Amino acid sequence: MARYILKRMLRSLITLVIVVSAVFLLLRLMPVEGYFNNYDKLTSTQIKVGLMNQGLDKPVMVQLANFWKQILKGDLGVSNRYRINYPISKVIASKMPVSLKFGGLAFMISMALGLPLGILMSKSARGKSRLKLGDKLGTLFVVMIQGVPVAIYTLFILMFGTSLLNMFMRIPTLFNADNWRSWILPVTALSMGNLALYAMWLRRFMVDESSKDYVQLARAKGVPPAEISRRHIFRNAMIPLVQYFPTSVVAVLMGSLYVESLFSVPGMGGLLVDVIKRQDNTMVQALVLVYSALSILGVLVGDILMALLDPRVSFGNKGGTR
Amino acid sequence: MDMFARAPYRPEEAEKTADTGYSYWRCTLRIFSKNKVGMFFFVLIVTLLTFTFIQPYLPAQKQALLIYNDDAGKVLRNVSPNDEFWFGTNSIGQDLWSMVWAGTRTSLLIGFAVAVIEALIGITAGVLWGYVRRLDFAFTELYNIVDNIPQTLVLILISYIMRPGVKTIIIALSITGWLLTARFIRNQVVILRDRDYNLASRCLGTPTRRIIMRNLMPYLVSVVAMRMAMAIPLAVSNEVFVTYIGLGLPLSTPSLGNLVNSGIDKIMQAGLRYQLIFPTMVLSLVTISFYIIGNAFADASDPKNHTE
Amino acid sequence: MNKPILSIKNLNVAFNLRGQRLHAIRDVYLDVAPGESLAIVGESGSGKSVLCKSLIGLLDANGTIESGEILYNGRDLTRLKNEKEWLSIRGREIAMVMQDPMTSLNPLMTVGRQIAEAVGLHQGKTGPQARQAAVEYLADVGIDEPERRFKQYPHEFSGGMRQRVVIAIAIACRPKILICDEPTTALDVTVQAQILRLIKDMKAKYGLTTIYVTHDLGVVANVADRIAVMYAGDFVETGLCDEIFYDPRHPYTWALLSSLPQLGVKGHDLYTIEGTPPNLFQPVRGDAFAPRSHYALNIDFEERPPCFAVSETHMARTWLMDPQAPKIQPPEHIRSLRERRGEI
């Protein structure tokens, strides 16, 4: 078991190296303007010198090697436009806690609300009534969230949420990290996607499990419906649900780009949007790498969770696609 | 007739019920048509699609990117919806109604293009992946690596490097999308190769062409149809996102992303909110419809559901 | 029969399938005597499993009991409306062993817990007591090292062992009737005999009435006191084991027995029953087996044959038993079986 985890971690590490290198190489194609603060005003000689100083004139492979040397020292480079000559790692370090808190909160809420919704929906779907109201309403909600782009329903939440909440409390117009009220709308927006995801898949997996033979046997031996639902169906349906853990991590990561920016939350997502707009190459590079690393981590954790929870998984052969 | 006389034995009577009359496609279409919601949205989408593409040729339509002036020569900015401008005009003076439909056309075209490219490359790759055993390892590793990176991140990267435009978005989305299609196809090819019922078919002398038609094709068609249906909402969604970041289509290309983006500034001004509401409504309608039919079709084509 | 423990009268079960109605069970009568071992024999699609499921209320969602009664202990089981009412029957009175041990057990729950669950429900024991009882049941069904095996998952057991576990679960419910739906079909031949012996032992030890559902006449010969032959949703012949094997009266039973390959007999083609079972989406006219039978009378295509009594324990639903029918000799090997019986 421990061997599997180590093997899997090694794999992720290799993936990380490959992806980071690939991204780095790809980013050599970035427009040169982004390395300078005042590109238009520079002469071509100054540009050349500037590029030399940043090591950008050397052959690509040399740049890659230097880059790795830097990274392993923890140095992500300096910003050229966002904050001139300021170490990027410091910038990220100041923004990451907010994003983590924000994302983590959204994650927890989407599970706390999404799982019960999924259970309710599956109960309604498996029930004998022809109406199946719970299932239909839940599905309506899920379709709305999954069918409409994140960007769009976030706007709706901003528009109507603000008016709605303003009837009960004063929402500060500018985001204030210490005022819990300003967290409500952005966290809601960020958690919707995964809420719908968990509800939809849990419902489907529970319905799938409920038609399996062992559930028949449990019914035949006289287990009451409530306990079948809890002990057999729900428990077993959670296992395949874990495979969506990486997907939901990615959803939060990418979603935060938009939500943080729209609601002016001072996190990494808003930062990336900002530096893209400013065309700050080194910052964009660093942030893309950070996000890639986080995604890879998410996939790794998801795989390990799967292995931990499913006793049928044999640790000999875990090749093949996920 | 003497009831107790021996009745002659007729072999055709004995075989009478051998054929159940089950046809995969007929059953799939039957189930799909019974799904009222799915059918509603299917009709809606067909109407919407037809309308989107014939809209410019209908009477009383305005030109999309044109800036409209009133008689005195002043630009008609921010005009609320009225008889002349059905969705009103935006802050530059363009007719919102025709802009919305032009933008929808752009998004649909992007989506279709991505879907087609994904399908072509995906199917070819998938068949090779499944059939040629030596390629299995390479493809699988490639898939595993690419699967770690969100598609949106790739899109951001590529849009940042290349000039923003329709081609950029198409390239960025197709680059990662084909792998997923390829995987589905590959799985089915492997099943075709190895599963018992196919081995049995081959033993019985079923020609390969028939095996492929009966076992691979239905699955192929349903996978491709599903992926195509999902490609549209994905294209729209990514386009809006990337526009917000500033890497979207240029203003000279009508796009829903641009409309939404310019609409965002108007959120707080109640009178101008229509500039956001109309594009988002049409956008949501399109994406929800494709999402629903995609799912309805996936459900209908799943043989497990053919018992109803 | 004196006082049957289970009495099925006029039972009709139908399914909604692809927009049509499938009549799986057509006006069926069956009595089960307390303590007996009854085998229900039939091909795939004859309705045997549907019948079993009706007895514990596990019909699929698209199936309904259209009419009839299932009388158990003075209660009509067809009247039980919801899950709660069925809980008093399932396990406690009637338990079931299902066909496929690979899928009958919850793959993510230890074997011991699954047995203990049954113990908890029907014997009121919990915690360590339930655990102890479960371990005892594991030993009872012949599993070595029950203490260790208790904590293992189903995938760590072989097919035969899993079926033993399923039997243990059924026994732990302390039922009166045990229904075994093709209990050995998914197992190796060598394991089959062991499982059948196990069920017989459990029957004796716990005083059960057993109902076997199978298509395998070999199994039947091994375990059954009485046999009921099922075809196209109806019983065509029922009788004691000897009566059915040595003195069958219905053409379908003849065909079934003729299909048994004879060990050591060479040179003949294997006998097969030509044709396919009827389409139960349409109402059946007359005797369902008539189109495939070489012994059919005209009336077999018109009217459903009534039950004719061959003896007190033996009945056959065929017009051939009618006094007006011509005296038809069954096929040769069937006749020779009769003669051999005379010798025994």
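Every chain is named by a letter (A, B and C) in the order it is written, and numbering of its residues begins at 1.
The working rule: a residue touches a chain if its C-beta (ideal position, glycine included) is under 8 Å from a C-beta of that chain, and two chains touch if they have at least 3 such contacts.
Source: prediction; values computed, not measured.
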item	value
Path length in the contact graph (chain B to chain C, fewest steps)	1
Chain nearest the global centroid, as defined over all protein CA atoms shown	B
Most extensive contact between chains (C-beta pair count)	A-B
Most distant chain from chain A by Cα centroid	C
Whole-Å gap between the CA centroids of chain B and chain C	50
Intercentroid distance (Cα basis), chain C paired with chain A, Å	54
Whole-Å gap between the CA centroids of chain A and chain B	24
Complex contact set, residues of chain B against chain A	140, 143-145, 147-150, 152-153, 156-157, 160-162, 183, 233, 236-237, 240-241, 244-247, 260, 264, 267, 273, 276, 280, 283-284, 287-292
Residue numbers on chain A that touch chain B, as the complex places them	11-12, 15, 18-19, 23, 26-27, 29-31, 143-144, 146-152, 155-156, 158-159, 250, 253-254, 257-258, 261-262, 273, 276-277, 284, 288, 291-292, 295-296, 299, 319-322
Chain C residues touching chain A - in the complex, by the definition given at the top	56, 58, 61, 83-84, 87, 90-92, 95-96, 98, 100, 103-109, 117-118, 121-122, 153, 155, 166, 169-170, 173
Chain A residues within the chain C interface of the complex	128, 212-214, 216-225, 231-232, 235-236, 239, 310-312
Of chain B, residues touching chain C in the complex	1-7, 9-11, 13-18, 20, 27, 30, 306-308
